[in-house]
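Two complexes follow with chain A in common, the first pairing it with chain B and the second with chain C.
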Partner chain A sequence: MSERAASVTRVDVGFGTWLRRAAWPAVLIAGLAAESILWRNGTSASYVVYDLAVGFTAVFLSLIVWGDEPSNAVGPLLFVYTTWLLVSPVRYLPNTFWISVSWIAQALVVGVFAQAVLAYPTGRLGNRWARALVAFAYGQAAVFAVIGLAIAPAEQLFGGCLGAPCPATPPFASSNPDLFTHVQDAQNVVDVFLVVCFAALLVQRIATATSRRRRQCIAVWLAGLLAGASFLLDTLLPQGFGGVWDANDIISHGVRLIVALAFFAGVYMRRVERARVADMLVELAGSQAPSIEPALSRVLRDPSLRLGYWHADRHVYLDGAGRVVSPTFDGSTEAATLVTGNSGPLGLLVHDRAVLQDPRLVESVVAATRLALENARLQAQLRARLDEVRDSRARIVRAGDEARRSLERDLHDGAQQRLLSIGLALQLARAEESTDMSTRALLDEAEAELEAAVAELRDLARGIHPGVLTDHGLAGALGILARRMAMPVHILAPPDRMPEAIETTAYFVISEALQNAVKHAQASHVSVTVRNADHAVHIDVCDDGVGGADPERGSGIRGLRDRVESIDGDMSIESVAGRGTRLRVRLPCE
Partner chain B sequence: MRVVLADDALLVREGLSRVLAHAGVDVVASVGDLEELLAAVEAEQPDIAIVDIRMPPGYRDEGIQAAARLAQSHPDLGVLVLSQYVEPNYAAELIAASPGRRGYLLKERILHQDQLLQAMERIDAGETVVDPSVVDAAIATSRPSGRLGVLTDRELEVLHLIAQGLTDRGICDRLVLSPKTVATHTQHIFNKLGLPASSHDNRRVHAVLTYMEPH
Partner chain C sequence: MRRHSVGAIVGAVVPTAVVVDDHPAFRRMARRLLIAAGYEVVGEASDIREARQQVVDAQPALVLLDVLLPDGNGIDLADELTDEGRIILLTSSRTAEELGPELGAKTFVTKSELSLQYLAGLRNQ
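And now, the complex of A and B:
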């Protein structure tokens, strides 16, 4: 499990940075100086310009690669390789020191190149075959360089000194041209062997890489194969068959540029990838947890990527389907990265090890994932709270309805029955023989009062909760409601029964709307339509009144909205002054 | 007249039973819920059951349910439903289930012995009785939109009285019209409402039902 995300923010301001900054002018001066050797010795201007252009481009690309990942060995290795190729004309100086230095550098740069390609992209060579190959490349180069310096005539080391007589003696010992020819043959055999091994390693890597790794490395690996082939050509074909503008030279320059471009392509891809993480963040903003994993997988081009969400109760990471997510640790291709938030673990990313290659990418991915997960978690919390609030509002409205119903029942079955039983008692009292006339008159009065009380009680109970709504449904209750209005009310409602909560809500909404039409809108006609369609009850109440009602004002409308929303419905009011009022309500029902 | 009383409110039941007994009505049983009512009717074979609309177990419209069930088992039994609802729907439901020998009165009518006894007698005689307040509620809106729109004001007035359960004779007295005129009006009403000319009483009941249909 890697927590490196937290540690990669280190800013590199050490020796490496200083060196890279100094490298730009140094390379410029050294390159110009080296090419001036060719120029002064009569090489065509076009060739010098070509050599400079290719050389500088390659060096500066290598500096970009180095700067992108300063702690990676690949950057400096590539810099050494390209810089040497730029300044290598020093080998033509008719001077024993420069010839010797160049001869050794020319031999060792093959090893530098092999190391750069094989260590890409991690900076480490990885398996022992690669390490052995690179060690062997350096070793044989050093051995053959020293032997060459010891026995070769100076003019044979690089095909002659340009424009001046070469030093008479070889750098170290007496010259032995015959032996040197044999040594060169032997070196050719070793070179071919080395190139074949190098190519075999690359082919094996291409074949076994994970898809993400292959994407990341294919340009460099193919450039490595190309350079190997070009090296073989250079070694096996007879030297110098066309002066400085020969085909070999042009090809090797081109290959050099291609190699530098291949390494640079890796940098470019990483930058694009980081930018894609930023895009992903934008994309994930406001999205839910399940969409994070596919987005990450897409951005990192890692189909094997899995994201586990921290499950605080079980202390494990679970994926969307509830499976435990943990790295397999069986091979070297998988790695895991922990994503922690302020309040503890958030998630676990299990991904291709190749992702770790770019610490800044990992950092961005972790940051993006953290944000997305935190966001998803907060959203989920918010949703849960909203659900809670909605449920409790629905419960409150239901409890209110229940209370109304029981109040209505109590009025009918309690108070009213008592009043009636008193009335019956009064009747019996009046029927008594002994009751005199004045008492009878009083009893009549009491009975009349009693009857009025019963009627008032009935109206009160009806307003609290119409029993007909429970027994005959919305259509029946609306018919009676309409009869009680002081103006014509046209009602169109299906006789079907609906869920109780919907009937009650619809009834009170329509009742309130009719009251408003009478009281505030001064309407002369109201039409009410109730329709059952698309798993919802649609209510439409239109009046021809004065309009201009403010839907935000008035506790009546606010109360209606609360009631409608308590069962997940919605409500809209159109009320233009002079053009009546239209109330529309949608109540979802299964 | 033999009567069974069904009301879950003990005080009302006992009071009403004493008032009826005082008026010479033979109250053969008084019970508190739907099942007891059915059992009492079976045991006593009364002429009329006076039933509260709301009773255990549901406190909804058990009285009307009882009337519908008794119509099957005891077609000659009259049922007077006492209700606290001035809603024509209940009355229409009661009459629809068993035309004839049915009454729907507001509960406070029990405080008027004469009205109660008169309704019981008419039910016993085979008529249908509906509380005037309920009929008024029905008339309030039916006019412009429903099927009753085809009737003239006079015909509506006659239908109103038919709905209250009055006979042609009673209508003559109430409106001070000749029996022939009333017969013409009723005939027009039946024709305009498209009621089949089967039995005279049946058409009267259908006319009442049409009248009470909420829109």
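And now, the complex of A and C:
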């Protein structure tokens, strides 16, 4: 398992950056100098321009590849390969040193190219077959180069010197044309063997790669095969198309360009992929945790990708369906990347190992996943807290309603019954024959007071919680409420019973609205409509009063809004001066 | 206030009554009021179950029956206890309006309106 979340860093030493920056002018100067050799030796201007254009383009693309991932060996290898091909005309200099250097470099660049292709995209050759092939390529190139320097005839060693006088003697030894011919034959056999092995390795990689890796590498691998074929052509028909502008030359230039473009395509794809991760982050903003996995899978084009969410209580990573997520560790194509936040583990990504081949992509993915998971976690926390607050408010309102009902029952069963009993006792006392007139008058007065006290107590109990609401529901309670109002109130309400919280809230909302219509709006008529629709109770209280009420002012309205919202309802007030007031309330009723 | 004919309890025989109410103080005073109004109180009950038993045992001419009882509704019990020659007088501290349409045409008086005169009138009608 790679813990990239905690330790993803770009290995970009200062020297590498300096080298890449210095490479631009150096390559420019060296390229122009090299092409001037061709120019001076009588090569046509068009060929020189063509060679320069292809050479500079390839070097330019290789520097982009190098700069995209400075710590990866592929970039420098590609740079060396393309740069050598640009400056290779130095081999035509009639100078022993440059001839020797270019002879060796020309041989070794085959190994450089093979290493660049086989090490793509990680910079590591991967298996022992690839390592052996590259080592053999370098080794045989070095051996044949030294032998060539020792025995090659001058005109063959120097490529004919493009018509210029060749140095009189080879650099290290005397010419041995017969032996050199045999050596060249042997080298051709070795070259064919090398190209076949190289092609076999690439075909094997194409056949066994995961879909993601194949997509990532196919351009470079195919370019490698093409270059191998071109190399074979050059080896088997070395002199068949000799001279400037021959077919071999055109093909080798084309292949060089294709190889550089193939490596560049990889850079482009990686950048597009990183950009898609950024797009995914925007897309995921505000979404919930379960949508992260499909988004990552889509962006990385890895259908096998799984995301586990850290469960601190169980110390495991679980997916959206509650299954444990862990890598199989069967040494196959899977890898796992840990995503951690400030507060510890957040998630575990199990994905195609090929994703790891682009550390910056992994870095982007981990960062995006971390943000998305943190966001989802914070959203979940916020939702939980909001739910908690809403539940708490609903509990407070329910407790208040229950306290009101209890108080109303206590008044009804306690004080009211005792007062009524006293009333009966007063009647009995008055009925006693021994009671004189003055006492009877006193008893009459006491009875009248008692009656008033009972009436006041009844009104008080009714205001606290109307018993009729409990017994007969909203329609019955509203009917009584309307008859007690000082103005005409038209009520339209279904007789069906509703949940207790809905009935109580609806009753107090309408009661408050009617009180306001009387006290503040100076209304002469109020209509109240209650209807059940779309799993909700809809209340509409409309008066013909003065209007102009401010819904944000007045503790009564605020209290009503709190009460309505405590059961997830909503309330709106329209009150235009001179055009009455309209209160609309929706109370969800599942 | 609704009033019924009391022809069945007119005569020399003292009419019997049962008081059904869950408040002991009110029950006690109602008993005394009924006696003062010329009834013989033959039983008291504080809930539906007791009331049913008392009425079956005593076969009273009048049942003073509270509407809101701890184990049920007096209005429903009134239908059950209705018998020829028996008056079921429903009473409550709530008004007929508050009790709603279930009350129908049953004889009903609020507790605050329950008086010696009313009971005597009921007996003498």
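Things worth noting here:
The rule is simple: the second predicted complex is superposed on the first by the 573 of 590 C-alpha atoms of A that agree within 3 Å, B and C clash if a C-alpha of one lies under 4 Å from a C-alpha of the other, contacts with A are read in each partner's own complex, and residues count from 1 in each chain.
The rule is simple: a contact is a pair of C-beta atoms (placed from the backbone, for glycine too) under 8 Å apart; a residue touches a chain by one contact, two chains touch by 3 or more.
Note that the structure is a prediction, hence the values are computed from the model and not measured.
The superposed arrangement places chain B and chain C in clashing positions on chain A.
Using the contact criterion defined above for the overlaid structures, shared-chain residue A:A431 touches chain B and also reaches chain C. Taking chain B and chain C in turn and counting the residues of chain A each one touches, the greater count comes from B.
When both complexes are overlaid on chain A, the residue A:A482 reaches chain B alone and has no touch with chain C.
In the superposition on chain A, contact of A:D471 is made with both chain B and chain C. Within the superposed three-chain model, A:A22 lies out of touch with both chain B and chain C [touch as defined at top].
In the superposition on chain A, contact is made by A:S421 with both chain B and chain C.
By the touch criterion defined above, A:E451 lies against chain B and chain C together after alignment on the C-alpha atoms of chain A.
Listed for chain B are the stretches 92-100, 146-154, 182-190 or 200-208, of which 92-100 clashes with chain C, judged after superposition on chain A. Comparing the two interfaces of chain A, the one with chain B and the one with chain C have residues 412-413, 416-418, 420-421, 423-425, 427-428, 431, 451, 454-455, 458, 467-468, 471-472, 476, 480, 483 in common.
Across the complex, chain B is touched by residues 409, 412-413, 416-418, 420-421, 423-428, 431, 447, 450-451, 454-455, 458, 461-462, 467-468, 470-472, 475-476, 479-480, 482-484, 488-491 of chain A.
Taken in their complex, chain A has these residues touching chain C: 412-413, 416-418, 420-421, 423-425, 427-428, 431, 451, 454-455, 458, 467-468, 471-472, 476, 480, 483. Residue ranges of chain C in contact with chain A, taken from their complex: 22-23, 25-26, 28-30, 32-33, 36, 93-94, 97-100, 111-112, 114-116. Those residues of chain B that touch chain A in the complex are listed here as 8-9, 11-12, 14-16, 18-19, 22, 54, 59-61, 84-90, 93, 107-108, 110-111, 113, 137-138, 140-141, 144-145, 214-215.
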